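For reference, the structures are reproduced in the following blocks.
What follows is chain A paired twice: with chain B in the first complex and chain C in the second.
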Partner chain A sequence: MSKGMKEGISGYLFMTPTIFTIGVFVVIPILYAFYLSLNDVQLLGGIGYEFIGLENYTRTLDDTRAMIALKNTAEYVLIVVPVQTCLALLLAAALNSNIRGKNAFRIIFFLPTVTSSAVLTIIFMWMYNPDGLINTFLSFLSLPTYNWLADPDIALKSIMIMNIWATAPFFMVIYLAAMQDISDSVYEAATIDGANWWQKFIFITVPILKPVTFFVVVMGVIGTFQLFDQSYIFSGGSGGPNNSTLTVVLLIYQYAFKSLDMGYASALAVVLAFIIMIVTIIQKKFFGEEKLHD
Partner chain B sequence: MKKKTFTKPFVYGILIIYAVVTFMPFLWAILSSFKPLEEIVSGITFFPENFTLNNYTEIFSREPLFLRWMFNSLFITAFMVVLNIIFNSMAGYALARVKFAGRKFWFFLILVVLMIPFQVTLIPSYLILKAFGWLDTYQGLIIPGMVNATFIFMMRQFFLNFPKELEEAAQMDGLSRIGTFFKIVMPLAKPALAAQAVFIFMSSWNDFMRPLIIMSSEEMFTLTLGLNSFKGQYISFWNLIMAASTLMTIPSLLIYAFFNRYFIKGVTFTGGK
Partner chain C sequence: MKFNKMLAAVGVTSMLMGTALAGCSSDSSGDGGSSDGEQVTVELAGWGSTPEEKELLNQTLQEFEESHPNIKVEHEVIADQYMDVMKTRLVGGEAADVFYLDAFEAPGLAKTGVLEPLDEYVTDEFDVDDFQDPLLNAFKFDDKQYGFPKDFSTLALFYDKQAFEEAGLEGPPKTWDELREYADKLTVDEDGDGQPDQYGLGFSSELARQFYKLHPYGAKVTNENNEAAFASDKAIEALQPIVDMKKDKIAALPSDAGTDWGGDMFGQGKAAMVIEGNWTVPFLESNFSDKDYATAELPTVNGEKATAAFTVAYVMNKQSEVKDAAWELISYLTGKEGMKTWTSKGLALPTRESVAAELGFDEDPIRKAFVAGASYAQPWQAGPNLPTINNNFNNQFTSALLGDQSLEEALKKAQETANKEIKASN
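Now for the complex of A and B:
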């Protein structure tokens, strides 16, 4: 056997598990998802398909719950991503200054990242109880208290607060790693010119970190668009109270696995995937062009 | 100099306040798991006034499946970790080092997979698993997740910088590609494998959505699902729920404590650095 052929065979031997898994559970499902989204799918007994063209897609426009889910998800992304990104950046900057106990802080900050979202949500649900820890603390400070879980105006915000708290430290570590690569000489030059801590942060650190910020924002957007665990556990799967915690992924789950309307659920999933990809491309354009001016 | 003395306490202030904000929910949950129910319903106490371990034993007597859920989670996670480490490294190595026809295409496909939101594949994958008869089974949860595009990509980057001389020496000694990989390359890739293992452990142990969809009988639940149904059943027994939550979190905390530096390495690896 020639050396080239041997290489070819061992290459494919190494790739077999990957090709099988990605083929069967990613590539085929993507094509299958498009097919499902163009059909009315019946799951009784076997699977029955009836081709209905784009009807599943046009149906989303008349679906009030789909619109509510989209609005909730958009609101969630627009608030959570900027707040968690800024918080991550500030925490990283604070940790990167010359202080003691860095490791201890880092270990504590990281606890929410290693804990499951199910456990975090359950702990927060308990703290959010009408007479729970958070309201007790607020009334101790003479601040207004809220019905965090049952008030439709507040419930989504309760999840936002919890998620910002849980995710910001993960992005902080990414920022911190990038900050440690910035050479000291840049800061020394600025110090000689009389720049203070804040000026150095705004005019040196933030611009240098732009590519990292791109990554953090993209990951943040993708993660927040996919919100599911928290709103599912929070509302017992319903998206309540009054649809206020209904997200796009939760709605997809409800249609696919509760109403068994897999065609329509697939159409919603395809729409969600397109939205995520378009937002990512727009962000790349935005950050990419900015970068050219540096 | 004056500015410095102002900034330092300020930075410490921020970090300490945030550390308290982060730590408090955990501390309160753990402390509450040692309180009897009467103490929890009678108002807010911080430290347990009547310290008890009963909650922990009561979980197992009230919910006989709790032990089974723990086993399921451990079993599935162990398989996921081992299979991912081997398969992701094999693919990453082939893409970095082995010259085979179609290599560029497969690498491109991995990059595409990285960008696909997994909700699109969720429903079709469910139907495929149903066709295989793999719903409500261990393999239904393990097989679709036994490779991971992110870590194939990471391993490829790792192997691109791997010293070629070692492999050449091994091949001179008559080892095949596969022998070289398992006997020479893998042992030297330990730090990258550890980072990967920690991440796969966390994501499998903490996964909620996939088990929710695939597992339907209570005996097959993972701990995350079990915890959720336990919460539903014993909604006002917060002492028990907190004890169960604590039990669920201990393995993650142990892994994190032992592999802290690999965890950080993994974050920055996947963080595009």
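Now for the complex of A and C:
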């Protein structure tokens, strides 16, 4: 045995546990889901598969609820991702300056991220109650109040607000770490050239942070496309009122476990995976063009 | 050196593989067969209930274990999403031997063949004829009995005596027209902000709480092919009154008043009348004990008495390995003795006529309205596709109630979507 081959074998042996784990828990389920999506699966009272080709996929086109779920999810992504990214950037910029007590603020802002999303959702539902904290506050300011949970026009926006509040701080920390990596000398040079705070932020900080922004946006898009727990708890699993909080993953859950229609649910999951993949590739085109060269 | 590295790699790998595989193969189930005199364990699964109910069930099970010393009952409560959990377990072959099944889900589950038909277990002593027919038939498909109803509840009108007095009203409304007038008088907006502080009527918008109005108008939830068929003119006629009342802000959903359900809304005084089931009685007793209220049969719909009945049965898992013991448990729980203990406090009503007569709920001032409803109640059930139909109805009906679309549009849309889904899934 040559030396290279020996090294190769021992390398693969060290990787075996990982390959095994990822294989069993990631790769095989993905392949299996793909296989299921091409079948009509009967689960209760004897398991049966019937190959039906792409029928599950064509069925999605004719499924009103799938279209609503897709629309809701897209709307959610389009609003939440930009808002939470900007908010994270601004919060990070604020905490990167020399304000008093910035360490305390960093901890306070980061708190929502460490709290479980199920707990957050329940606390928010309590605050969104028609007689709850938010409406009391709004009516104190003589602003209009809403039925945050039961009004179909508002319900999804309630979830958006909650999610932005909960995830922005996480990305803020990432931005903050990246900002502290930017050399002071760049800012000093800009100060000498007479740039003000805002100009430094727009022309130095934001461009340098571009790779980080790419990461934040990609993670944000993936996370928001997979919205499930908040809308599940909000609507008690139904996606109501009037399908307004129905998301793709919630629909997949409903088909998979309420109707036990695994084939169709898998098809929806594959479609969702493709959508996320395409959106990510598009983003890479946008952000990936110019790379930072040190 | 090299050799050592390789040895280490092999060692670590095999250790990890070993533990991972050991996890999969530890399936050493003991045989569940009931050989003579041996202790047999029967698993029983149900959903969560109030502490009072839990105590009663425990008492019933204890009595069963005492009279059947060789059978041990393992009771498990599935707290959330009961049917989802149950179906998943049935697929995995891990479901309990005996479990609760709501009449609403029964046709769909019976169709798949995961339930054991109980006809051959029934003895004369068990006295099937004692059960009320509509409730028994809710679990009978293709002439096979798949479960015996453990109890039931009908809907009745709860009304706040104090609010009635303040509004100068006496006695419950008898018809839906009268209900509307009453609700109008009972709606109070103290601070004049356009949002009533006390609504006349609190109601639930779900199909389960609305379907009973269709029949008196000659409308139906489903047709003979088990497809949705509620978008008829007659159904619109039946459902329009409640939509109008909601629009005029004299009736409201629990969520409009920031409450979870009708009982809570009524207890908190945010509705002077609610249409709720028997389960509201113990809730009010333990949470709003000073509430002065009365119950009455539901107002007549189109001149006919109508109400809904909700019932749940004990059914047997076809894959159970202890079927005889499981039957012993079912026959005890739904038998005369067990049912008497279980329904003795009136949390739920007995499905056996003899038990109902013995316990005398037909004379109880609060409960007699529910008992009276039993004779003309329509069980909440409409074929195997009801879960899909229900989901679509609820979704669209809500938007009709909110005034986003007309009732006609909402029902049409719900029916179309439901039937499309039914067709696609079959």
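Things worth noting here:
Criterion: the second predicted complex is superposed on the first by the 271 of 294 C-alpha atoms of A that agree within 3 Å, B and C clash if a C-alpha of one lies under 4 Å from a C-alpha of the other, contacts with A are read in each partner's own complex, and residues count from 1 in each chain.
Quick note on the criterion: a contact is a pair of C-beta atoms (placed from the backbone, for glycine too) under 8 Å apart; a residue touches a chain by one contact, two chains touch by 3 or more.
Remember, it's a predicted structure, so these values are computed and weren't measured experimentally.
When both complexes are overlaid on chain A, the residue A:Asn196 reaches chain B alone and has no touch with chain C. In the superposed model, B is the one of chain B and chain C that contacts more residues of chain A. Shared-chain residue A:Ser238: touches chain C; no touch with chain B. By the touch criterion stated above, A:Ser97 is placed in contact with chain B alone, chain C being left untouched.
Once the two complexes are laid over each other on the shared chain, residue contacts for A:Tyr264 go to chain C alone; chain B is not touched.
Within the superposed three-chain model, A:Ile174 lies in touch with chain B and out of touch with chain C [touch as defined at top]. Residue contacts after overlaying the shared chain place A:Phe14 against chain B and chain C alike.
Legend: residue contacts after superposition of the two complexes on their common chain; A:Met127 is shown touching chain B, with no touch to chain C. Of the two partner chains placed by the overlay, only chain C lies in contact with A:Asp62; chain B stays clear of it. When the two complexes are overlaid on their common chain A, residue A:Cys86 makes contact with neither chain B nor chain C.
Touching of chain A by both chain B and chain C, each in its own complex, is seen for residues 6, 10, 13-14, 17, 21, 24, 47, 257. Residues 4, 6-8, 10-15, 17-19, 21-22, 24-30, 32-33, 36, 47, 90-91, 94-95, 97, 99, 105-112, 114-120, 122-124, 126-127, 133, 136, 165, 169-170, 173-174, 177-178, 196-197, 212, 215, 222, 225-226, 228-229, 232-233, 236, 249, 252-253, 256-257, 262, 265-266, 269-270, 272-273, 276-277, 280 of chain A are the ones touching chain B in the complex. If you check the complex, the residues on chain C that touch chain A are 2, 5-6, 9-10, 12-13, 16-17, 20, 81, 83-84, 87-88, 90-91, 109, 112-114, 253, 255-258, 318, 387-388, 391, 394-396, 398-399, 402, 404, 417, 420-421, 424-425.
Within the complex formed with chain C, the chain A residues making contact are 6, 9-10, 13-14, 16-17, 20-21, 24, 43-47, 59, 62-65, 129-132, 147, 149-152, 237-243, 257-261, 264.
Against chain A, in their complex, chain B makes its touches with residues 3, 7-8, 11-12, 14-15, 18-19, 21-23, 25-26, 28-29, 44, 83, 87-88, 90-91, 93-94, 98-101, 103, 106, 109-110, 113, 115-128, 143-144, 146-147, 149, 152, 176-178, 181, 202, 205-206, 208-209, 212-213, 224, 227-228, 231-232, 238, 241-242, 245, 248-249, 252-253, 255-256, 260, 263-264, 267-268, 271-273.
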